[in-house]
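So, here come the structures, one by one.
Next, two complexes with chain A in common: one pairs it with chain B, the other with chain C.
Let's turn to the complex of A and B:
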């Protein structure tokens, strides 16, 4: 096997071996062909190095030098594992869902363990509201056939290719036509591993016309301290007049490396809103969020907040493709950097020639708290239509010393004053969260981290 | 805007006004590039051994380099062997006054609207006119000499002030900086050299008019400007080129050094041949411009108005090394027809309290593609560094494009950086309002565009500002419909 990449990692061999197994998994010839194509793409590209412009500021190669296990085929949990999972989930829910229950109606819950649905720990909505299936049972669904592998871009995209070649199973979530999910769905991804693992989670979310769904995604794992590399791909199809509010709460522990690509297509009058919150813990977070606005008259909102600490590297890449007239997109990313953490924001807005009357906005603000923290920002616009309003703004700065002083003169301690200001800074993003309890939870998380800072 | 369409189309169809060829005998080297070419150029220019060595070093670096692939346009085919690397007017006598200059040459300048003799008396501008590669007339030299200012052609500087040239040449743009800079270092034929001694303020704007003549001659200018302690100079560069069918490569290098408390203003108006309506022909303007604020409190300012060339590809940059130093970049770039402009700046903040300000205005019309690409880098030691960046794009017509690729890298938490960019169409309401006040569409567009670019044009020295404004108007007429 020829790998162009110079990376020396035992991973390449195990990837090849894993592919042999994975390629047998898909039932249909078309899916097998897709896997083969993806694998060939990965073979030519290899893992991206910093010489790849898209990965200029994020070097993932050091994170790949572990002896990862690729082959974590989900199977039935042993009672011991189940107990462990249940405890993890319960602890997690105590933090999050308790508040959800308190102020609101609560939420549905979908627990997956290493990508496999665990019905016992889940509280699922009725299938008329939301259909949830593992890929193995979804492969013949018309919406699966129409969308799977067709939204995420394989070309020049080594990690998507790797995921497509190696994924074991995935989650197929479909909101039937006209359904309105009465409570948000809380998707808890549990990752259990006995050693370093490299996993390829994959989701396909189809929101049929006139449907409306809110999903909150969180990922938890045991505290074993093993390196855990997550290379996720989520494909989303939002139908006509459908609404999808997608919350992604990224907490984690040391040793976790999290790379994902969320790629969505939107139809007329639809609304896709993504809220990504990254908190300290993981070593690396790289979010690739790509929207294809495939019809006129629709809106998209991307909100991001990252609070990074230690040696964490948080990288948010967004791409919004305005292909038809009268589209509106709005991006707001805010970051607070502590310790030796690094943040990257790379936003791209493409306005195609026919996408007249587009309004596209993008803003990224960063506060550096420590001398060793650094930010790299690349807000980009590529515009081929003339009757548009597009703007982007980026700032990098520090907390306003005068404001801090003012608060101190009013008898507010430095720590508290700083927290207030960070809270106010984050407010622009947290206020967008439509679920009040979730918002309270996030504000608490931020406050807790700032107290220890 | 029905009524205006016809008129605009008429102007859009206007051929390049400054396209004509001057018939002067040339000393031309046959096309081709090898070490012998470099020996020939060096010998022809009677250069010292060290300079030849430097050229050869650059040439060897050049041979190892490949053309970049990151730019936002399709790289045209480039055959470096098909270019002739030396062309000089045959008459090489030195002139004391303009009267002695070949009248045909003066006629050329007149056609371009650069009345050299008039400028001398009226504007008080000393002009070092580079006709192709060798300086022909240098005016006001005597007056500048009295103050100790050296303003001469690069070749002359090598002969008369070799110690200065040796000290600073290649210190800002190294011989192996990029492929075009390396090529320039290997084969540069001439250019301008400026040295302002300590404490001297140049009493007039220094200026050069570049002009590409002679078919198939890539021009490789090299400009070196040194402002010693407490010195000040404002330098102007303006260009037009005759019409050609084949693409011409222009790979110039400009180096600026500002020592303690020195200030250098560098202004450019570029109006080279952009190619015909199909985008055939036209100049490739691939220039490396960089200044270093070496001393504390120094200040370098780039101002550019780019309306010509088939492809403009340059990033005038400032290395803010001295504490409290200040870098500025003001740019108006127009891309119409099939023109491509990929331009912007780089600000490297190294010293404490360094500041930079970037104002970029891109105007795209017809099938033009305009890209702003910039880098603001804050080093770990750049305490309290400050940057403000604004890049606005205006789109005229639905087949053009505006792109921004800013890179912002901060390694210091005391730095404050701001970046904002907007893209919008030329305002129909504004045009309508002006129409309602009896101003026709053509004039209205001119007014709006001038208002859009005002912030940059204001930074140009007086005479240049007028010229640039006119240029902008002419460039854009015919693009609106």
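Let's turn to the complex of A and C:
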């Protein structure tokens, strides 16, 4: 049905061809079987269209028409590619450092180029603190065997299936039991594209019991302007009493399309906090963030801030599965929409029958700065336990004109006044950022975008 | 300083100000009284540039410059200050950062160096004392959760910080307790000089015992229908507005 059309796209043809090669890549029979299973799921489902309820407002099909190249992980960077990457990273760090000045305690740095670790550009923590390996070297690790492919949901998820069938290499990060990473790890994902490229990064992050880690992800790419489709999957296992603060800073350029699924499992007394910041630039961002609270007495925080512009589409889908008693989840998503941009927020909270005394909170607030901007925000609560506290709220509004006028009557220029109000609106989320330098950087990114608005 | 000539203005299709004239000279204090709905706040809105008001006739100049042509921020930078009848709450904007931004934007407009953090702090301390403004409120979000009286006092604190040429106080006395009224009045009196001027909109003669006006105007149905000295306020307190309306008709 849907497949008929898709089969005719050049992308679909190369996917089929690629699978033959990819299936030979995994060392173990189990991984090969997983790839086959995933590929069959993808073949059955095809790329999601807007007829799929989960993708109702986000049509990715028009973004798949390019003649994407699928296999783009260079074995070795050529000197030219290396030079380019080094320059991109240096420039990116300089931008970040501007705001880190004075208060920077520094960060470890892990640079990947189209998913492959570049040791030369990285500054890694000692392995006692954090182990970082390419999948090729991690496949026999106990925590890899225990978690890989077991967290991300394949069923009904064509894109996870596609990633699982075809991923090239991946990044395995493991915080050993009891380790406390003294500085955040800055993960710089560099995307190089000599032409239209479809990349499928894959990460597995395992935080062992009592360990504590902060990771900041940023993505940079060359500005050649080629179409770049990212279909990423990150699996996360947060062990007992472990803490993981996960920052995802999504900037980009025209031609970049970014779809990812971040799926995590949590154990007792753990804390997983996700901070997703999306800024103008990319054509499309779709974040699927799914948490499985697989034990009692734990907490999860999901903070999102999106500032969208031009014809950008920013879609955040979240799912929190409360399966055991005394779990606490807290979602706060805020959006500022400019121009003809669109945002989607869909937040699902499932409280299973056994999950008594659950505290689940969800809030989505949006301001439209333009009559042509629009938001679809939908909370979805399914509650099967009776003794729970759940709340949700959605607001969509315009900037408060009286407040703007008030600021202006004190001599503050209109543009500046707008910025102040956007910062004030975003403050509930930005204040949650625990790394001061990162917060400054984000506030500057927001101010810079608003100045050009 | 301020010259309003035959000002006609309204909202949407409704005319509210219907040929208003007023001259304010440096050093003067003008009180404007008048019945509810007469157009007092509308006058304040038009002077400060509220977007939904449309001026259909007349002129307003400040020291010879056409005020009506300016954006609200430029009017403020030229020295117009409005203490709002209903100050708005802006959660997430810190009172003190807001004031610093405002002060420095005004200074930049005037070609002055922005104040350093230290200078600003010193100035802020001095003015807090002058208007007896609670230091705890200074660091909160702008007016958020302030009581009615605290909001009014914040307006006067801002006025003290920004040192405008022309201050318009729209019912600043409403909602103030007796002590606050005295404090606010004392602050205003200290800020009075021969270089600045005040327009004080009020319903209560009591305020004018503290801030003694040079002129008292009655604004009714969009026009100034009577002007006198401070004794006019006493007379209004006693007799109400009806006799003036009748006088105006005859």
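In this section, the second predicted complex is superposed on the first by the 438 of 453 C-alpha atoms of A that agree within 3 Å, B and C clash if a C-alpha of one lies under 4 Å from a C-alpha of the other, contacts with A are read in each partner's own complex, and residues count from 1 in each chain.
Definition applied: a contact is a pair of C-beta atoms (placed from the backbone, for glycine too) under 8 Å apart; a residue touches a chain by one contact, two chains touch by 3 or more.
All of these numbers come straight from a predicted model, not from anything done at the bench.
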| item | value |
| --- | --- |
| Contacts of A:428 with chain B and chain C, given as first, second, both or neither | second |
| Comparing the two partners chain B and chain C, which touches a greater set of residues in chain A | B |
| Which of chain B and chain C A:375 touches, first, second, both or neither | first |
| Chain B versus chain C as contact partner of A:390, first or second or both or neither | first |
| Touching partner for A:347 - first (chain B), second (chain C), both, neither | neither |
| Residue ranges of chain C in contact with chain A within the complex | 48-51, 71-73, 75-77, 81-82, 84, 87-88, 90-93, 98-99, 101-103, 105-106, 109, 141, 158, 162 |
| Touch list for chain B against partner chain A, complex | 70, 378, 380, 393, 395-425 |
| Touch list for chain A against partner chain B, complex | 53, 57, 337, 353, 356, 366, 368-371, 373-398 |
| Residues of chain A defined as touching chain C within the complex | 400-403, 405-414, 416-417, 420-421, 423-425, 427-428 |
